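What follows are several structures.
Next come two complexes built around chain A: one with chain B, the other with chain C.
So, the complex of A and B:
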């Protein structure tokens, strides 16, 4: 059976509507959302209410967490003071706009969802703030999936959709204990595991302006990365009219951005 | 001068054991540094005399470089040095009596010094940490999955991780292996191969059980204070 995974909606209602329409057209009934319903975009209440109305199973993203708990991430969150100032502006604006009911919804989202051998998180099983980039150390990537007890880990946060299969792994070790004079040797065969990043519905950073999401078939484990065009201009206009930083509209209209992602993405947030 | 490090942990306020180790080190050739990897304090005995000695070494003592361990973390949390966190891990595992016992073993005059201790040291290509790069309470043993050990090494980008939390003495060397990965995105597919880097995790022991590390030759020696063990016999390259 096919199910759809969406992430990083970022208060972009036209993008969310277009993606949900695309999923509906394919007759897919099960949708999982990996968080970041709000932040950067101009329609936080509308997006949260649409997800609530559709009853879409959702885990909490880093923006959803920050809106509730306040901004107290370590310095890894922003690569520059300018980016940090823009991020704080968007945080304040979103905080002012969100209704208490919608804040309560975000506050009560789980940090992960599990269905059998499938695990759904926003960033990584360790933290909503950790980036699992497609080219990160393969052993560290496998450790995230394996330690969480999953076969397939679905994540978002990077805004770059990808499917990474980790296979054929082994680690050879030599062990010396205090009471053994000679080292004993062992070989650990590592299991095959997969990381699926759903990209971003509301703020894509993969090179085009299209929203992205993924479809997973739980019988074959096939994963398809989907791109959906939407009315980017409508969102950009709403960003400007809301008084949010114009650069948010600019980067949506260009389909890429340089800011708001830590330069050292392998850094593990100590928050 | 070729460096030789002494690595100690889990003293739990036991000045007698620390004195025994210092006497051992005086008789051992070439020890240039003494690292105390946490758990200076514990709930079993008054720790003030040991803390005084660590802060103010006797003449002839090898000067200790200390970091904090799991017991210090619990103490400092309960004493309000860790924000809103309390000694929850201790309370959960050993109950309220253990928390009270711990509070009674350390004079509050030592708290600022304990709070000034670092999480760990990076010396050359080695990390010296009570638990691991993940957490001060991370209990790494020779039974821990090598995948997790490799992750802890990778997080700090070091070749050797000296850990104390398990109280065990072991030297686990990653000697080989690899992994294949395939990444598929909207631009297509690409394959990557990665080899296991040659790295080690060393459990240094606790209390009278301590470790010497020869930096130049990368040899570890597992010792017991007060015994007549010859470091050469227990060496592991």
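So, the complex of A and C:
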């Protein structure tokens, strides 16, 4: 059976509506959302309410967490001073706009969702703020999936969709008692694991302005990355009218691949 | 025998790059002067920022400054190649020296400089022509950034946004920018090029507070949103406390690197 995974909606209502329509047209009934319902975009309440109304299973993203925990939730995850200051502007604006009811909804979202051997998170199993980039070291990537006890890890956060298959993984084990090394060594070969990044519905950064999401078939494990065009101009106009930084509209209207990355993308805040 | 050439052309045609290349291949002494040029209807010249002079001086430390009178008199010396850069939108109506604008002639006279050649980009074939652009309308923005130090990743983002049109249609941008580790970077971009050029200057300041070296940004284009450019720059520059956070470990590293006697 096919199910859809969406992520990083970022208060972009036209994009969310277009993606949900696309999913509905295919008759897909199960949708999982990987968080970041708000932030940067101009319609945070409308997006949260649409997700609530549709009863879409959702885990908490970094923006959803920060809007509840405050600006100090993880300042160190900003890749630059400029990104941090712009992020603060967007945070303050979003905080002012969101209703208490919608804040409460975001506050109560789980950090991960599990369905059998499938794990759904925003950033990584470690943190909503960790980026699992497509070129991340294979050992570290495999470690994230394996220690979370998943066959397939669905994530977002990077705004760049990808499917990464981790084959040929193995673990070397040396057995050691409390007082001596038994000398017994074992090599365990791991079955293939997958990381599937759903990209972003509301703020794509993969080279086009199209929203992205993924469809996974849980019988065949086939994954398809989908792109959906939407009325980008409508969102850009709403950003400007809302008084958010114009550069957010400019960025959205270009869908640049360029994205700021922290020096250590896998950094995990230890607040 | 000394030579004095006037090199003119529209913004971004490659005057400074050609001058650098020519000077580097000249065996004798070199002198340089950049004139402001004159605006035309709808075509605004960038004011003389000193970026080109500072960049060339960094690349050729013995470069003579032709604006200083004592050096103008040295133009009579053997082997001196004196190159005068002039931003000029339109091709001169007459060839060679007869094509020099009388206003420019007066400026040169005042500095006792007497060109024996005038080459214009787009007209004279010995100059490259790949970056020749025809401008019908051009606005210019010149921002002094002296003593400002950038957060490096923010600078990267700002430059990307600037040359990709986030603040208007930019045709030409160049800058000297200070980094917290004491380096100064020359940024150079023209719309006809595929990518920006980034050159670290050879002279590096000590990571000890704000550097004294020249830092400026020149942008030319259409519909430039100067206020947003300035406000974005403000978000990118380091305050004293953060600058100190960057520089303190660098100073400590330098101390550790000094061997004990």
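Here, the second predicted complex is superposed on the first by the 244 of 271 C-alpha atoms of A that agree within 3 Å, B and C clash if a C-alpha of one lies under 4 Å from a C-alpha of the other, contacts with A are read in each partner's own complex, and residues count from 1 in each chain.
Assume a residue touches a chain if its C-beta (ideal position, glycine included) is under 8 Å from a C-beta of that chain, and two chains touch if they have at least 3 such contacts.
Because the structure is a prediction, the values reported are computed rather than measured.
Undergrad: After superposing on the shared chain, does chain C or chain B touch more chain A residues?
TA: If we count touched residues of chain A for both partners, the winner is B.
Undergrad: Mind working out whether A:225 is in touch with chain B, chain C, both or neither, as first, second, both or neither?
TA: first
Undergrad: Once the structures are superposed on A, label A:254 by its partner contacts, choosing first (chain B), second (chain C), both or neither.
TA: second
Undergrad: Could you tell me if A:70 is touching chain B, chain C, both of them or neither one (first, second, both, neither)?
TA: Touch partners of A:70: none, neither chain B nor chain C.
Undergrad: Thinking of the overlay built on chain A, is A:83 touched by chain B (first), by chain C (second), by both, or by neither?
TA: After superposition on chain A, A:83 lies in contact with chain C alone.
Undergrad: In the overlay, answer first, second, both or neither for which of chain B and chain C A:246 touches.
TA: It touches chain C, and chain B stays clear.
Undergrad: Figure out whether A:233 sits in contact with chain B (first) or chain C (second), or with both, or with neither.
TA: A:233 sits against neither chain B nor chain C.
Undergrad: Give me the intersection of chain A's contacts with chain B and its contacts with chain C, in residue numbers.
TA: In chain A, no position sits in both the chain B and chain C interfaces.
Undergrad: Please give the residue numbers of chain C that touch chain A in the complex, ascending.
TA: The contact residues of chain C facing chain A are 151, 153-154, 156-158, 160-161, 164-166, 228, 232, 235-236, 238, 242.
Undergrad: Inside the complex, what are the residues of chain B that reach chain A?
TA: These residues of chain B touch chain A: 142, 145-148, 150-151, 154-155, 168-187, 192, 194, 196, 205, 209, 220, 222, 233-234, 236.
Undergrad: Which bits of chain A are touching chain C when the two form their complex?
TA: 79-83, 85-86, 246-247, 250-251, 254, 256, 258, 260, 263
Undergrad: What residues of chain A sit close enough to touch chain B in their complex?
TA: Residues 134-135, 137-143, 146-147, 160-178, 181, 183, 185, 187-188, 190, 206-207, 212, 223, 225, 227, 268 of chain A touch chain B in their complex.
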